[in-house]
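Two complexes come next, and they have one chain in common, chain A, joined by chain B in the first and chain C in the second.
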Partner chain A sequence: MHSPLLERISILQQFVLIFLFQVGSAIVVGAGAADAKQDLWIAEIVACAIGLILVVIYVYILRLKPGYDLYDILSLVFGRWPGRLLAVLYILYFFYISARVLRDFTELLIIDVLPETPLEIVTLLFILTVIYMVYMGIEVLGRMSETFVPYFITFVLLITLFLIFGQDISVENLLPVLGDGWEPVLKVVFPELVTFPYGETVVLMIIMAHTTHPRYMPLTALLATVLSGSVLSYHAFLMIAVLGGDMVARSTFPLLSVVREVSIANFIERLDALVVFIMMVGIFVKVSLFFYGGLKGLEFLTRIPFRHFVLPCGLMVGFLSIIIAANFAEHIEEGVQIVPLFFHVPFQIIIPVLLLAVLLIQRWRQRRVKRHGFRGTLQKWK
Partner chain B sequence: MGSGERYRSGSELPLTGNLDECREEMTELFGETKDLRMEDLQIGQKQAMLLYLLTITDAQLLTERVLQPIGRLPVEQSVASVDEFEQLCAKMLGGSAHVILHTNQDAVQKILEGFSVIVMEGVSAAVAIFTEGGGKRGIQEPTTQTIVKGPKDGFVEDLRTNLSLLRKRIRNHKLRIETFTIGTDTGTNVCLIYMKGIANEGIVEEARKRLQDIRTNAVFETGNIEEFIADKTITPFPTVYSTERPDAVSAHLVSGKAAIVVDGTPFVITLPTVFNDFMIAPEDYYQSFMMGSFLRLIRYLSFMFALMLPSLYVSVITYHHELIPTPLLISVISQREGVPFPAVVEAFLMEVTFEILREAGVRMPRAVGGTISIVGGLVIGQAAVEAGIISNTMVIVVALTAISSFVAPYYIFSISSRLLRFGLIVLGGVFGLYGVFLGLMVMVGHLCGLRSFGVPYLAPIAPFIMKDQKDIFIRLPVWASKLRPQMLKPDSAVKQQESESPSPPPVYPSERRGKRKSKGDQP
Partner chain C sequence: MNRHGILLPLLLLSLICQTGCWDRREVNEVSVVTGMAIDTGEEMKYRLTVEVINSPELNQQQGGAAAPAIVYWREGHTIAELAQKMNTGLTRDLVFSHMRLLVISLDVAREGLFDFLDYLERSREIRNDFEIILARKGKAADVLQITYPVQKVPSIKLNTQMQTLKREWGGDPDIRLKDIVNSLMSPGREPVMSIVKIRGSAEEGKSVSNMEKVTPDALVFMDGLAIFKEDKYVGSLPVEAIPYVLLADNKLRETVISAACRENASERFTVDLKDTRAKIKMAVKDDIPQIHLGIEVEGQIDGTECADDLSKKKVYQAYESRTETVLAQRLKDVIVLVQTRYGSDIFGFGEEMNRQQHDYFQRVKGRWNIQFSKAAVSVKVNAKLRRAGLVTNTFKAVEQKEG
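Let's look at the complex of A and B:
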């Protein structure tokens, strides 16, 4: 079932990949601000807590069947053909989300940084880079994230520092805390914030199955989720403190609006163009991982090494990200209203929970067999 | 001497002990070549023949090691069998590195390596005595990697001298030297050197295998075998480190690397090599660790400059004006006012000009070197600006880039930044910062995918190895790092277990009181 040249990533790489994956586009898009307003940071904390439960489910499934990835487990649990059908659905889902994440970023680019450049060109360039990287394999992607993550974190910290020095932060913006009660907060939390970065971790079930130290894999995944949850929440806190709840709710890319406020000695200012590229690393990891997840599915179905599919499927994902929506408003509307409910919830929650339930029942039965002994029946069969 | 499998001339036949036959065979192989001497000798009662190549033989050595011992033999000495011959050789030539040969082929090989070969009538064996001589350069200071403080000797073209430089630095029985003969036309001696028990056995085995698998006709320089043994040749980054400095090679050897010395070149390669090796100068270890660390950071910065500065300038000036503070922007734009080209073209013009200047400077005879600086610096630089073709800022950018690219302690490494710079300029000119950053990502991805003898090229950074960080971006004091580089997976990981800071251990109050009582000499 596994090729001898199975690629494995180290624990640190797994940590970095999960972190960049979860923070990746969530930090840019600023989902959920419209309803939660100044309580967005609380919503992020709650979402992270619920997200942790999801991650625990994914990790638990993998621990129950060590050495098998999502696709293997699907066909182990549901049988050969239903498993394959589900695998096809997952592949389509992964490719689609990959295209969506890509569109998130390309829209950001052409709105903020390269207004005269056509969307197609920007997309093509990005997807070609993704194709190259995924072709090199998951190990290389892991090492690349390891190289870039210090820059990522440094920039997040630097922005805070700049904002503090520039006296842009006013904590009064956070008041009133829970002014409208828990209702708007919880409304944002599920399904939007839970599914958007945390539930998407389902695609990592493909790479987390093959790490160098499977024993530490669950802990790493949870720690990475906690870290990205705190970064996202802290980040929401920062956005609200600088811009105020209403501004955050109205802004398309709140992070950029925040960075635009930075001005130190009339020398360090208008850093938003720079920040876009730092955030690009996260987006890049996210697009690549979803893309890789889909490719691994094709490998699982066809038994052909995934590298054969990289170029055609990559171009397809790029094309898909362009035709997915006529404009940014449509894209966001789909993202808020259709995708979470019809795609995220079944693929991220319902199927994994089912998987876990079946696996647990199986294990329970096996244990019972062990305890009470079916030796007599077994011998009869022989 | 090791494996000469590929280099084979002469018949596989054993030596017969017939002098005429031997002479015929040699004449057939070497033809009418002037420098092959076949001299008749009388050893005791027996007729013998001495064969050597005059051009690569040291006359004094020949006299001392061959002719004088033979002259001292008693006249009645007679040899009939191979065993007796071997005994005689051991007695007569003891201490002068002689080898007993049994086939014609070996004899030819030894003659070509500078040995003198004696064949004896009626004995089906021969003896080779090392008498190599010929033109040699004395040990001098290396020209490519100069140093202010530290050892000044450099490798030379002679293999044995180079090996002796290493042996003298590492007086350890674990130092192993293996010889290979490579090149069907040149039959060059190539040595693989490593520390047994320190270097990873797997890496050494891999190097050995790759050396044995080389199928080439000629080897003149380590560069010739570099391309055969490197993991990937389609990359602008060097995947083996080659240096003229014996101290650098010794340091690499004791840290668990292997080295390859090729006869005929002063450059020795060490492997496996990672990216960071090229940012480390031997001098870092010879001066204060603070200065060493600072210089290392400067080197990383300059590598970044050399790689990205022109492309960043081009993309910012073309697409992202808002990133430049307004007063600076105004002055830069006003300078560019009269310039008829877009920034990309301007950058390209200047970079290409600089590359031409640099190449001219390297190839030109020393005597006319000064002309280059005058023509290059004054005529092209200043005149271009005054004529309004190039903006001043661009000249500054190109100059800074150029100087940064010279900072690399390893000249060959700047090749990568020189080549990639042009690609990045194009990307910056067409897609702005977006293009530059994507280009960098591809570059980093490529670097992450590279391996040198199984060791990932970006090793202690990606994959991240905490234990190796004491000697990467900054160099901690020598006593602080107790382990050899873990990325090389050395067979013995610890290099200095008990090294401690030389500062005295903290004195606790109770102890101090005790001391004061006993010594009573403290105020």
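Let's look at the complex of A and C:
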């Protein structure tokens, strides 16, 4: 093949990737609003705090086995065959989530921008672009994110500015703060908001293992998570201040509804395209990373370079995203009720925590052996 | 080679796909809808009237003789269905995203708004930037047909009129789709909307010749505020009450009031209130809501009929205290009228109660309107008059002194 198996991304690219990955679709979909209502922004902060713990776990696992990615560590820890079985499950999980995320975006596009265009066409175009880019490698994805992140941030700031100048923000929509106590807030925090998007960072365990500066990798990951947490919370705040809690809860894409409010002097208006762009960048990164995560798993299993799998698997992901749900309600219902509990929690929390636990015990034993020598251990056993 | 083997087909494919054939809409193939009117149908549930622009007529150089807009109606069971069926009479593809006005008739308002609002809120083309008004007499469709020389398209004329009225006098609540939906959903607020009426003969107002007269044959004017309970029309307030309704809701930007110079005097002075703010405090005593309105207004004296020397600080103070008394009294009258006659919380006091006394409101939200009509309202106004135009002492005062 024309490139070595291992590709590395720079630390800045890693930062940008994690940020876009976490903010990407979460910013537009508005998960959790149905229960938390005007306290969604608080829920986002709590979720970010818990999400940070998850990210710490992922990063710590990688630090304990430097140079190995998720799949390597799985088989190191659980043995060759159980590790491979888990790898297969992870591959399926990554491909499935990749398809789900893709569907999120194609639905937005069809509902708001291209009502007459068939879903299949939009999906095909999008997945072909993803295929092309993943084929070119993760470094290309990293560079693309670097290129687009200034636009992303500018558009997010522009939306805020327009809302302020258009006098669309009324802060009293946020009152009463925690009127019904913590219960509805905590209900959406786990599992919904923690797993989406923070828990999904688990797929980055494949990329973060190979950065140019492994020393700064943990710090970068944590900073990126804090940044996306603040952006998400800030946007929840903005959506509630503009639309009110009830409206956010009922809105299909709250950020889109917010931007539709913008009308300054009958001139700056109809800015839907900004939101579509914001979501497109995020979704692009997300779909690509999940897709890449799955492909790397196939590479790990078969020892065949992942580029051989890009086209067939990509088309499968595209096809899956079309047949995954018969209608939008089914798609969302599955995403809210089934996916977090049965897919996210095991793959994002249970398995990584197990991994970490085993790794820590291993290390503890090794240290004991090192400190007391083999005999010291035996003495203790007497 | 391998790379090009994939790249080339991809590029070709994207060429085919990215033309966007499905959602292509050329400007010369669409008609822009500026207004919509909803009446009850004779045979079916609704009668939808749309007003589309006849764009060449709006051109400054070429326009003139023909009608600036075309109106077409059809009956049907749902508005969603009707909106797509308008091409039974109109030629081009209709674009609803630039709608400026939605008129509903009194009959429709009495039957309830729920049934058609869902479509409006759901539709991707319809945005939240048009005014919603009620036509009290006759058909809502008539309002869309009364021409006007300056803003030739009737919907645009009304939209502009309402915006200006709100800015200059606070006489329009500026009700949008989102406001109606929010107040329908909120247990602590009921919807309102402006009422319009046609002065003159609606039949003659429908022709282009209406634009040729100094006194148009027909003119659409603002005639009050419609009050709803849930989604049904229950009554109205006169247009004079609208600034006070907005004031109690802290939405008033500017208004003008006049008051007698002294109690029981027949001469009046007029003040222009520019910076108005309402602070609403909610309390509960013996299960009865206590609403305290603290109003802060700033303004200038526009004119006086009395022989008062407006270069004296004392006169300003006297006028300030008169403004305070009169404003408080009228505001209270409006609130009490709504409480007693309609029992419908159009001021959004319930929402404020939810923010300030959350536990209490959660307990009573099912019967908030009843609690609202029992509520004790107190108003305290603090008025500050800053200046009085180009003249200090009125000529009347000087004349009296000399004479």
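Keep in mind that, in the parts below, the second predicted complex is superposed on the first by the 368 of 382 C-alpha atoms of A that agree within 3 Å, B and C clash if a C-alpha of one lies under 4 Å from a C-alpha of the other, contacts with A are read in each partner's own complex, and residues count from 1 in each chain.
Methods note: a contact is a pair of C-beta atoms (placed from the backbone, for glycine too) under 8 Å apart; a residue touches a chain by one contact, two chains touch by 3 or more.
Just so it is clear, the model here is predicted, and its values are computed rather than measured.
Q: One more residue to check, A:133. First (chain B), second (chain C), both or neither?
A: First partner only.
Q: First (chain B), second (chain C), both or neither: which does A:261 touch?
A: second
Q: Kindly classify A:12 by the partners it touches after superposition: chain B alone (first), chain C alone (second), both, or neither?
A: First partner only, chain B.
Q: Can A:148 be said to touch chain B (first), chain C (second), both, or neither?
A: first
Q: I'd like to know which partner A:324 touches here: chain B for first, chain C for second, both or neither.
A: After superposing on A, A:324 lies clear of both chain B and chain C.
Q: Once the shared chain is lined up, is A:280 touching chain B (first), chain C (second), both, or neither of them?
A: In the superposition, A:280 contacts chain B only.
Q: First (chain B), second (chain C), both or neither: which does A:222 touch?
A: Neither partner.
Q: Which partner does A:49 reach: the first (chain B), the second (chain C), both, or neither?
A: neither
Q: Of the partners chain B and chain C, which touch A:175 in the superposed model: first, second, both, neither?
A: Touch partner of A:175: chain C, not chain B.
Q: Across the two complexes, find the residues of chain A that touch chain B and also touch chain C.
A: Of chain A, residues 113-114, 117, 121, 125, 132, 269-270 contact chain B in one complex and chain C in the other.
Q: Give every residue of chain C touching chain A within the complex, in rising order.
A: 2-3, 6-7, 10, 13-14, 17-18, 20, 22-23, 97, 124, 127-129, 178, 181-182, 185-186, 354-356, 358, 362
Q: Contact residues on chain B for chain A in the complex?
A: Residues of chain B touching chain A: 319-320, 322-323, 325-326, 431-435, 437-438, 441-442, 444-446, 448-449, 456, 458, 461-464.
Q: Any idea which chain A residues touch chain B in the complex?
A: So the residues of chain A in touch with chain B come to 10, 12-13, 109, 113-114, 117, 121-122, 125-126, 129, 132-133, 136-137, 139-144, 146-148, 266-267, 269-271, 273-274, 277, 280-281, 284.
Q: Under the stated contact criterion, what part of chain A meets chain C in this complex?
A: Within the complex, chain A touches chain C at residues 2, 111-118, 121, 124-125, 128, 132, 135, 172, 175-176, 179-180, 243-244, 246-247, 260-261, 263, 269-270, 311.
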